[in-house]
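This is the structure, below, for whatever I ask next.
Labels for the chains are A, B, C, D, E and F, by order of writing; each one numbers its residues from 1.
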């Protein structure tokens, strides 16, 4: 079973510790992006994962590529060329100072790629599952078109399609998102949606926007998830992460999975967040991994949720934890003791 | 409306992360000082702020000066010369290990400056508000004398005077402080006093010294604040920060403002402290900024308090937050979500 | 009163901040080991402490040696030679991601030292107290034998023997530990045992293994401690640390001391852990220091416990805190205020 | 006498020491750009220097702005807005491994600025000298147009115009450069041209392109300089730097100045290059400073050349040396002794 | 054409800049080893390179493995298991202070691997060229035996064998080396030998040991190379690097290739060494790459030599330079100009 | 044979790499001072060395003290108390940009110590050799007086006195130096004098001040050395370092020793300087070590000179090289080969 994920991978530049961009004279450099994060996590779980994007022919493109290879992702499908690697600046907040992101991704090699550059029969050859997030079609019309081509190919060739709605308000409006996602949803088998994704990307209200009490709105989320399967009967599985966020560091996390009309829930994890980014991608990888290995829905949502919260304790966009470490986190009190 | 702040700016040397001075072989260098911090914060709020001190003619003096300029402070009044830049070592504590400061400020250029070096008519030309903290007169008799000259000039020329009592037990005794501050208080229009400042600097008991339950002593603080305005009717505004400090990181903060006999209070902020220094200066800058812009007393105390707690999440003495960020922190749940 | 501690000191390599070994390209280097940590802490408390081990004749051996000397430990008894310095990799966890240790200590100079290399009459000349942890006999049969020789000499010459059971599951099995410790216990005057040490090293059940509720099992621990003194009447003092560990950072700590059939308890310390390593050694040093200075049992357990929790807020294996700092931490609210 | 320089200032990201972009996970961040470098150097020389560009309204724009302010440059004319701050990656070479630059400057705020955004009567109000390099018109047609507007205004209002031809083959072709510079040259009073600038920007052959023997081609350079004044009689001063470059670190440098038909030469400096970037800008600033202070042509070329070679020993794009330090470098043996 | 290289890859720990092991508290970590370096360099040249070793099942083994993958090396043949990853400490010297290496490689996973663990028919399946250095058989008798098995298989299946003699005096004596290499030489097609390798590994005197005048002994080296082909007629190609080393940084380098009785020489490169390690491996990779692509002997020795000296300007054991960069270095004056 | 050295040890703060104080936000911290450097070097040579100074009772004093202990210096005579630790800022130059030092040593604990604090009979008990440099009497009149007391005691008790004239123009004038040193010289047995020391400290002209041609003035230096022994017949040995300094990095070094009217010279070392500080102290330690071990005058000057130039390749003030390393550097070509 081979998975292909498709999207944009960027250079991430982060001031050390809690410094602000305005005051730093050093940036920590790493590379990440929603679908790349999923591919890396799968590869670390020893799944066969490939990634598709377009990287420039320069040392930054090489560095991004080598990051993927380093963790075992198949990069043989990656396109090369174009003007630049997208970049983003990540300023970690703390307590009531919010984490802040400055995007500098316009005009990147993947953002300026043409629909016609993607030879889907070749790119999807040997692929069993195709994964993308709502960020990819938000990048450009051409990429949205390319995705449509890919999904048509997937449908015709029995390739499972997974999508994390992943709405980004800095990239497109709800109207635009709903218009584009409306065209893509009929091809999706497994749909991940968190927080405001339901409303922004699909126009389905499942959450009132108060991040401090997401878990209290479990019933509303369930209704939203059910509504997704009603509107798009092709969607066989819907999964959501619910959160109560008290400060940058303190929060509770819970996962819900809907399959065949039945809901499965993970326990609530009370976590101290070290770096609050890419937890949704870690959730997606955990879910895909579970599905690839025929886990039960209950085990799948528990594994995905444990993978997701572990990501909150890892530096960088990539979820550098093994399957064994996720399983340990699923067991109560796994953190309590230093094993030596 | 132009503000001049007057005091000492020092080189601050801090071991990285939680290392102790004894074990480190690297120091992070930054520059700060109570009144300089106020000036920088005001400049970042886009107020017209100037700073007065005396810096040595060497690269350390240049570096301190350039720090002020970097954030937009008018440094044209700064005196140059003298033997050295004051220095302090800042060792960050955690949990029950207290933060520790080693002063090495004796004999600095400002500490050895003479009263006669300050040509107040020129220095205060074009100034609408004059700000100093109780640290400045504690530095030397000459500076205390210079301050008296300045305050006389302010009174004669309608320049508003703001003072943060800011008592420092390592610099002078309560007796000495009360004697000097007794001479200066009749010139002060706006008085900031926190924790033990009332008793040490003015001999007014408002707080029993138990830092773990400052907020519980609100009534006592109110009485102390009222007493200030009784003793010194020229003081039209008194503002105080009350704290419950549970550990180096965990604490609650609340601000109170007294104006025309009416008390205004901020909400209580429950915060996780990243670096517990210069929050009082951030409070002072927030208050001055509000007053410069004719904010209501209620808005003023809320803005000042939000600015103060945000400083606890910033590295270095300088409160590198914008007015927009302070306003966001004033709104509930501002930190809950990563905006992207 | 001079103390000699005996064991292995290793190079510790730690990725910066919360990075994983897999992703780092820098390691912070320090040197530590249970008994070396005790010796350093004693030396910082101004006690006369010597350390015994065997270091290789290379720059790493020099660096370990100079670390001991730096803090005032007498290193004149240290043997030199052998193949290598033991090493361990320390990956700090956070929240529910556990801290992880990779040992690379096999084949070190001390691990390959022969029993006959230790000339105890010379090594113990002038020594009043001898300290070792259960790690030392676990290193090799030869070292276990050397320890037997040392303890016989101590008994014959009235040297007090202190031992921290310090069971390490990665080094030996409970069966092996019990067999070896069974031979050594009859020589021990003061015995330290925490968590699972009772059961693993002595076969005495005092704790059910649930680290989240150690303090709740106080009664069971007391019974275990009493049992130690029953089995080994030579043991005049038993001391234990009990913990409720909620996450990598959040825990409660309490110390119990049994002397002459009477139990003495420290208050419970609620702590935020910055680095959860070597707290047991800090406890041992605090206890030994108290005993050397004829502190009362109550003061001894309080001092040892405060020293132990302070270590949780210090980088590296060594407890770089002074006696004054420990005493401040013993007083309630000692951390609340920045003294300046 | 006030100088305005006009161009693009970028974020510079450099791997530490001699690491390659491919292998680093940290970048040192600084901010620079040809004309910004000139403005900063002038400000450090205590000249009145202002800079004109357009910065985005984000923390990177703030950081670039604050860099200028830090060293005393007047930033009141800087425009704000637009999409992004231009960026470049600087990989330092050594010996026969060349230094390598990756530009990521397309689509920056200044590159997308419109000609009509520049209100020259306001921007040039109070300005006595206007400085730009050939990079500015290479950025966009709009900027080339804006420059034409500026130069027309300068001519009409007696503002001296200085231009460093500064040809960049990665930004435009010789044909394009010659076409645009052909329109601008008639407005230029002082022209700086190095290496291949003559041929690429003006079509005048002065150098055969062999960087290892530039100084040997002094006569050819002289002819080229003379030719410039023949074609453009408005150009009253031409200055050039000639180099023999033996490796990344080892080279010889010499400056030539042509004024009123007379050539003035600096001594040849034999230098070990620490960081080979922005030496031309340092030369430009040294020349402008000399001219502002009515230095003789001989002193001017010597000062400019000494300033230029000192830049080769400074980290970052900015020439952080004082006038006194340049004068010391002009004296033989200035480096020989540690003064203490 | 696929190449398999076989040997040990170690963790390399280096104090930053020019610090000594004794004084540092940070180590820069990278991973390298003679044959791994060759495989990585080939992969960066876009050759199909695989590497064979045995790594422990721990995060250090993972990190070494991921380093290989990162640069495109096929790691599918790597064995896993065993006790530890070999380590070495690298202390960079300068001027007359020599670079110093402390090995801590005893007892590593590969050093304790058994001859029988290597299933050569499987490991060499699909391989066209097999590469090892003299370090591999020096590690253990078992590995020397495994190599004999491999070479027999190569001979039987027409796989070209390349060996860099790479004598290491800290690992074995000349007597032992000559005895083992005597058994292996009859299988070798291409032999690399530098400096004292001839004498120590083969007992052929080609060099008097004076590193300051290796190039002056060209004739003697030629005789030695010729002698190799006489003794072992199977050796069709011999290549050597000759050096005049004046200090840690200053040296001259020249390559000689003997093929079919004809000598081919590279130009002499005068270089400033940034890090003097692994240049021989870079030479080997350059030579293999040339041979794989049917370069002429003259081009092969020039390419190999340029690759080798470029390595002296790269941090870490791995030669992170592209084929294009090597070709640029082969052209005179390639380093003279910053291309922008 | 036990040596006591007496002087000031300071905190040294250095910007990383080649950064300037003005631009850095990190300082590398180390501790050094002429006589402390000598003591540390002797201890590393396994001599019995003690150091005398006065350190403040704060963490910086502790850190300085622990630096001495770390390398084996006996610190039992060190006085504690006083206001502060002297500090100096060290900005490393390169090529023609000179290294620059900013002293911040006024008012230190040792500088404010009283003559009466030094109980010489106790401090010099068990001491065979007493070492000080000309810096010590330049610090204060009190210290100059204390030195007189010490020298009188030495003379009365047969303790050999060694002095490095070490003139510092930033600390006192030639007149003052000559006056004080004139009183001290009659007690000195072994006198070290370099560069301008002869003239500034003794009024004896031996050098014309041109640092680029010190070695050319060997004859003049010899005459100066001879003159010292004429004026002060008690001086039995004079030693000098002569240098040709071409740039911050490039220089030649030669040592001369005069004993019983005979001159002994070291070879000329051509060196590339990594950090040009404290080479004179390394020379002093090398000489003292040689004398303690009855080396011949020729061997003594060669050893001292090799120790001195090795210091130029070490970070920090302390000469962290072993006797074996010095001996290797004395042999030609010691640096040519990496031993592995």
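As a convention for this text, contacts are C-beta pairs under 8 Å (C-beta built on N, C-alpha and C of every residue); 3 or more make two chains touch, one makes a residue touch a chain.
Computed from a predicted model, the values in this text were never measured in an experiment.
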item: Copies chain D and chain B - interface residue numbers shared by over half, same or different; value: same
item: Chain separated most widely from chain C, comparing mean CA positions; value: D
item: Reference chain E; chain at largest CA-centroid distance; value: B
item: Inter-centroid spacing, chain F versus chain A (mean Cα positions, whole Å); value: 62
item: Distance from chain C to chain A - Cα centre to Cα centre, in angstrom; value: 45
item: Residue numbers of chain A (touch at least two other chains); value: 17, 20, 22, 25, 66, 100
item: Chain A-facing residues of chain E, complex; value: 66-67, 69-72
item: Chain C residues touching chain A - in the complex, by the definition given at the top; value: 17-20, 22-23, 93-101, 103, 168-170, 210-212, 245-250, 276-277
item: Contacting residues of chain A [partner chain D, same complex]; value: 13, 20-22, 24-30, 58-60, 62-63, 66, 83-85, 87, 89, 91, 100, 102, 104, 106-107
item: Contact set on chain B toward chain A in their complex; value: 17, 269, 271-275, 309-310, 312-316, 320-321, 325, 328-329, 333-340
